[in-house]
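What follows is a structure written as C-alpha cells; I'll ask about it next.
As written, the chain order gives the labels A, B, C and D, with residue 1 at the start of each chain.
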C-alpha cells in the first residue's frame, strides 16, 4: 500500500494501481450517489409498472420539470451547506428575485436579455448581504438568515403590495411549457447543466476548492492563506444567485411572478432545499459536496411524491412519508459510513 | 364537518329535481382546494352528492396537505395523470395557478375556478364563487346599518398574499366612503389567517382600542372566529360586528347577540353546481358568450355562488336560505349561461 | 497481589497507521510509574484505550487481575480510573467547583445540586493543590496553569485506585509542580497506582520509581525499576540510539539585513514590547512553556490578531498585515501549525488538495481555473523530495500517519516558496525518523535562504536546530540565548529566563 | 476582583432586555394610555404566557447546543390529540391532559434518543421529526379542527385569576421557575449546560451524553405539549395549525435574552423579557396602525439587533478578561 509516490504527474492522471482501482470501484458502489441512483431507478421502475399513468409523457414531463426546479433549490442550499452553514432565506431570495424580475420585465419593459441577468445579480446581492453579515458578526448563519428571511420577504411584500406580475413577455410562460422532444422540460435541462457547471466549479477552480477547504476546516484554510471570510461570503453569493435562478425557473413554470410562489416567508422551499443535498450525501458539517447527489436526491423526492399521490395514500400522509424518508436516508448513510469505517475503507 | 351534514342533506333535496342527469360516467370531477381550510369541508359532500345525482365517473375531494402552490400544482398534475378531466379548483394563487389550468386544458380537460378566481387571461372556463368584494361591501353596509349610519369601523381580514384581501379592503373602504364621512375605517388588520397571530393581534387591538371603535367587519374565516370570541369574552354588545362564514363560534355569537350577523357563503353550492356544470359542458353544452357574466378585479367571467346576510332572527333557518340560493343559482345557470343542443 | 492496572499485549491500528503493537505495561499500587516515549510513540493512544475512548484490536486490560473493557470514560471513572488528559477538558462556562465535581453533582438526574457541599469538597482539593481560587469562579476566567491544576484536582477528587496523568506539568511553574509532586508522593504512600507521562526527564527521575518506554508503538521496555537506569539509558530507549548532544554544527552567522523585524511590537492578544528579527538563512528559536504566547505571536504576525503598537518590518519596510492571505501572497510568510488536525490540515480532503492549497491562486489561470495535474506537477516533486508515503495523491490525508501528515503540512509551504516560515512544534506526534528528517529539512531550507522562526517546547530539538533562542513567557520576550549546541548550558540559561519570574 | 463585579452586572443577561421592556411599556403607555387597561394587560399576559413556554421549550435545546425544529410540530400534534381524544372518545380533560403531555415527552424523547444514538445533527433529525409529526397531525385531522374543547379548558384559557392576571400565567410561572431551577440547581440541568458548552469535556468527565440529550429533548417536548394545550385553551378550538409559526419566535426570544446559540449559556429571565419585547412590539405595531406588511421586517431586525448586542457583550467580556490577565 504505502509505496512512495513514484511519479506524481502520472499519479494525477491515473493515480490508482490495479489494487487502488478495485477499491475505487468498491468505493463507487458503496457511495451515497450510487445507492441513491439504484434506489431511484428501482422506485421509478416499480411506479412505472404498477401505477397507471405514471409513465405517460405528461406525467414524466411534469415530474421532470419539478425535479429541475427542486434541484436548483437544492443546489442553492448546497452551495452554503458547503461552509457548514445554512440559508433559511433561499425561498425569500427566490421570491424576491422573481418579483424583481417581474418588475423589470413587465413594469419597466426591459428585454429579457437584460432582465434575467439583472435579476440573478439581484439575488446574488441578497446573498451577499447574508454572507457579509454572517462573516462580520461571527454569528451562525442559522440565526442571521432567520432574520434576513423575515426582512427580505417583508420588504418585498411591502413594496409590491403582494401584487403579481402576470403580463410577462410571452417567452417566459412558453419556456415553462416547452417540451423538448415532447417530453423534457428545458428547466430540467438547465438544472442538469448547472449540475455539470457546479461539479466543474468545485473541482477545477480556485474559488470552488477554496470553498470546500474553508468549509471543511475554516481555521486550517485561513492559516493556509485562504481568505475564509471572502470565500464564505462568496458561498452566500452563489446561494443567492442559484436561489434567484430557481425563482426565475419557477416564474417560467407558473408563467408569472407571484409573491406567494415560495409560500409565507419563502418557507415552502426549505424542505426541498434540505432534502435534496442531505439525501445526496452533502455533509451538513461542511467541506464535502455532492452535486450529482443533490440532483439524485431531488429526483428521488419528486418521484416518491408523485408516486405517493398517484397511489392515493392520502394527501396528508405524504408529508409524514417525506419525513420518514429523510430519516431513513440519513440513518442508512450513517450505517454505510460506519460499515466503511469498520472495513477501513474511508 | 358536523355543520355541513344538515346543509348538505337539505341542498340535496332542493336540487335533485332540477338536475336533469345526463350520462356522465366519463366525467371525472376533482374538487381541489388550495390547501386545508374548514371553508372547503362542504365540497367533499357536494362532490359525492353530485356524483350520485348526475351519475359522474368521480366526484372526489382532494386536498393538498399544505397551502403550498407547488404542492397543489403537483397534485393537480398527478390528478390529470390519474385521468381526471374536470376540475373545480380554488386557485392557490390567482395568477400562478393559471399555468396548471392551461395544462388541464391541453390534456383535454376543463376547469372552473371555484371560491376564488383566476386572473384573466385564464384557461379556466369561468369563475364561480362568492363575490368577495361584493360580500365585503354588503357586509359593511349591514354593519353601517346596525351602527346607525355613523361611527368608526375596524376591518379584520386574511393573508396579504391572497389578492382577495386587497379586494376586501377596497370594498369595505368603498362602503364607508359612501356615507360621506359619517363612517370611517380606522384600522385594517391583515395577515391573520392563522389562529394564533389572529388571536394575539385582534385581542391586542380590542384591548387598547375598544373605546375608539363602534363596529367590526371581518372578511375572512379565522378573524371572524377570533373577533367573535373576543367580543363574547368582553361581553361588549356596544361594538357592532358583522362576521363571515358559518363557524360554530360565529353562529353562536350571533345567536347570543354579541355579533350582529354574518355573511354566509355557499361552498356546498359551489361544489355541487360546479360539478353539474362541468358535466354539462363535457356532454356538449357550451357557455353562452352573451350570458350575464359579472366581472370583478380578476376576471370578466364571474358567477356569484351567492352570499346572504343572516342575523339572529334567521340564524336557525340559515340552511334554508342557502338552499334557496343554490336552487336559484343552478336554475339561473341552466337558463342563462348554458347552451345545450 | 495482582497489579492495580495491567495492560497486556495490546495492539491498535488506525487507518493507515499501526499505533500500538503488542504493548504491555503493569501499574502497581503504591508506585509512580513513568510512561515515556517520544511524540507519536503511542502513549496517548494507550491511555485512550485504558480509559475506554478507543477499543483495542488485540490484547487485554486488567484491573486488580480482572479483565475490563470500559465502554466509555464514564465507565472507566466509575471503575476507579482517574485521568488527567493532555488536552484541556474543562467546561469553561461552569464554575471551578462544579467542574471538579461534575460527575458527582447528584445521585440521579433530578437530584438537586447541593452547592454548599460541592464547593466545600472542591475547595478541599483546591487547597490541597495550594490553588487560591474561589470554587464559584468561572473556569473561563482562570489562567492556563490554574486550569491545569483544576483538572488535576478533578482527577484527584475521584480518589481512584489508579491515577493517570498525561503531561500534567506542561504549563505549570516549578513551584506548582513541587506542590503537585508532594501530593503524588502522598497518594503513592496511600497505595494509589500512578501513571505519569512527561517530556521532562528531570521530573521523571525526581518522582517516578518504575518506567515503561514506548517507541514507535512497541515496548522499548516494560515496567522496570527506574533506579537501575540513568538518563542516557532512558533516552536511548526512547529514540532507539544514544542521545546525540549535537549532531549539527553551529551554523555560520549571516551578515544580511533581517527579512522580518519586530520593534516594540504589541498585539491585541496581549503581547507586549516584542523585539525580534529573523534574517534570511537564520533559524531563530522561540522557546516557552504552554500558554506563554508563542503560537499566538505567530498568528498575530500573520494578521489574525490586530497589532496595537510597535512596528513590523519586512525587508526593512514597515508593513501592516491583516490576513494570512496577505502575509502569504504579499510578504511570503508561512506558518506550520502545531495543531495539525485542527489548523494545519483539512483532514477530510486529499493529499493533493492539502499540499496545493497555498498555490492554487498562483497556479490558476486568469479566470481561476485549475487542473489537478497542474497542482500535482507543482507539488509532486516536493512531496517526492520529502519522501511522502501515500497510496496516491488522492488519498484522504486523515488516513496517513502523523509523520506523513506533518510532511504535507510542511510541503504546502515549500510549494508556496515562502521566504519566512514559522514552524510551530514540528515534531508533535511524529516518529523519530521523520523528526530527524524534518530537522535536516529545516536546516536545508535555512541554507537555501529561508528565514525560519522555530517554536518548540522540546528542549533537545531547540538546542539541536536553532541558531539562537528567544525565550518567551507571559507574552513577552524574556531573553535571548546564543545556541552553541551545549545542551546543559543552553537549557539552564533558558530555564533561568523563565523562572526569573518565580524569583521576582 | 473589581472586574468581576463589573462584568457580573453585564453578565446578567436579563438586565438589557428587562430595561428595554420597561422602557417600551412606559413609552407606549404614555402615547396610548389604554395600553395599561386591565383588559389589555390581561391580553398581553395571556400572549406572553404561551410564548414563554414555547421559548423555554427551545431554550433547553439551545442550552445543550442543538436546535429543535420540531417544537411546533410536537405542540400541534399534542394539541389536536388532546382535543381529539376528548371529542372522539369522551376522555375527561385531566386524563386527556396527561395523555397529551405524555405524547409530548415521548415524541421529544424519540428525537432526542435518535440524535444521541446516531450522532446525526439535531437539525436534520428534528427537520424529519417536524415533517413526521406534522404529517401525523394532518393525517389524523385532515386539517379540520376539533371543536369539543371542554368548558373547563376554555375557562382556563380565557378567565382571569385575579384582576387582569389570566389563569394561563400559572403554567408559565411553573415552567419558568421549573426551568430556572432545573438549569441552576438540578444535576440534569448542569449536565445540559456542560454538554452544550464542551461536549468532549463533558463526556470525559463521565456525563452520560445520550441520556442527557434524550432528557433535554423530552423536556422540550413536554414544554411544547404544555404550550400546545395552553393554546387550545386560549383559542378554544383544537386547530391543526397550532405550532406552525412557533419557529422564529422560539429562537428570537432566547437569543434576545442572551442565549449563546452554540450552547452552554442561556438565561430564563432573559428569555422571559425577550418574549415580552416581542409581544409588546407586536402589539405596538397594531396599536399605532403600522403597515402590517412591515411587521415581519421589524421582527427580523429585532433578531439582528439582539445578535449584535450579544456579540458586543461577548467581545467586551473577552476584552476585560484579556486586560485582567
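The rule is simple: a contact is a pair of C-beta atoms (placed from the backbone, for glycine too) under 8 Å apart; a residue touches a chain by one contact, two chains touch by 3 or more.
In this text, all values refer to a predicted model and were calculated from it rather than measured experimentally.
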Problem set entry | Interface with more contacting C-beta pairs, comparing C-D to A-C | A-C
Problem set entry | Centroid spacing, where centroids are CA-atom means, of chain A and chain C in whole angstrom | 42
Exercise. So how far apart, in whole Å, are chain B and chain C when each is placed at the average of its C-alpha atoms?
Worked result: 74
Problem set entry | Centre distance in Å when chain A and chain D are each reduced to the mean of their C-alpha atoms | 32
Seminar exercise, completed: Going by residue number, chain B touches two or more other chains at 36, 63, 65-66, 160
Exercise. So which bits of chain A are touching at least two other chains?
Worked result: 157, 161, 316, 318-319
Exercise. What are the residue numbers in chain D that touch two or more other chains?
Worked result: 135, 138, 142-143, 293, 295
For this session: Determine which chains touch and list them pairwise.
Result: A-B, A-C, A-D, B-D, C-D
For this session: Can you check the complex and tell me which residues of chain A touch chain C?
Result: 1-5, 7-9, 11-13, 15-17, 20, 203-207, 209-210, 212-213, 216-217, 219-227, 283, 287-288, 344, 346
Exercise. What residues on chain A touch chain B, complex-wise?
Worked result: 52-54, 56, 58-59, 62, 66, 69, 157, 161-164, 166, 173, 176-177, 250, 253-256, 258-261, 263-264, 268, 305-306, 309-310, 315-316, 318-319
Exercise. Given the complex with chain D, which residues does chain A contribute to the contact?
Worked result: 86, 133, 137-140, 142-144, 146-151, 153-155, 157-158, 161, 265, 271, 274, 278, 284-285, 314, 316-324, 326-327, 330-331, 334
Problem set entry | chain D-facing residues of chain B, complex | 1, 35-38, 41, 63, 65-66, 160, 186-191, 194-197, 199-201, 203-211, 225-226, 229, 233-234, 248-249
Problem set entry | Partner chain D, residues of chain C touching it in the complex | 53, 72-74, 77-78, 83, 85, 88-94, 98-99, 102-103, 105-106, 108-113, 115, 137, 140-141, 143, 154, 268-270
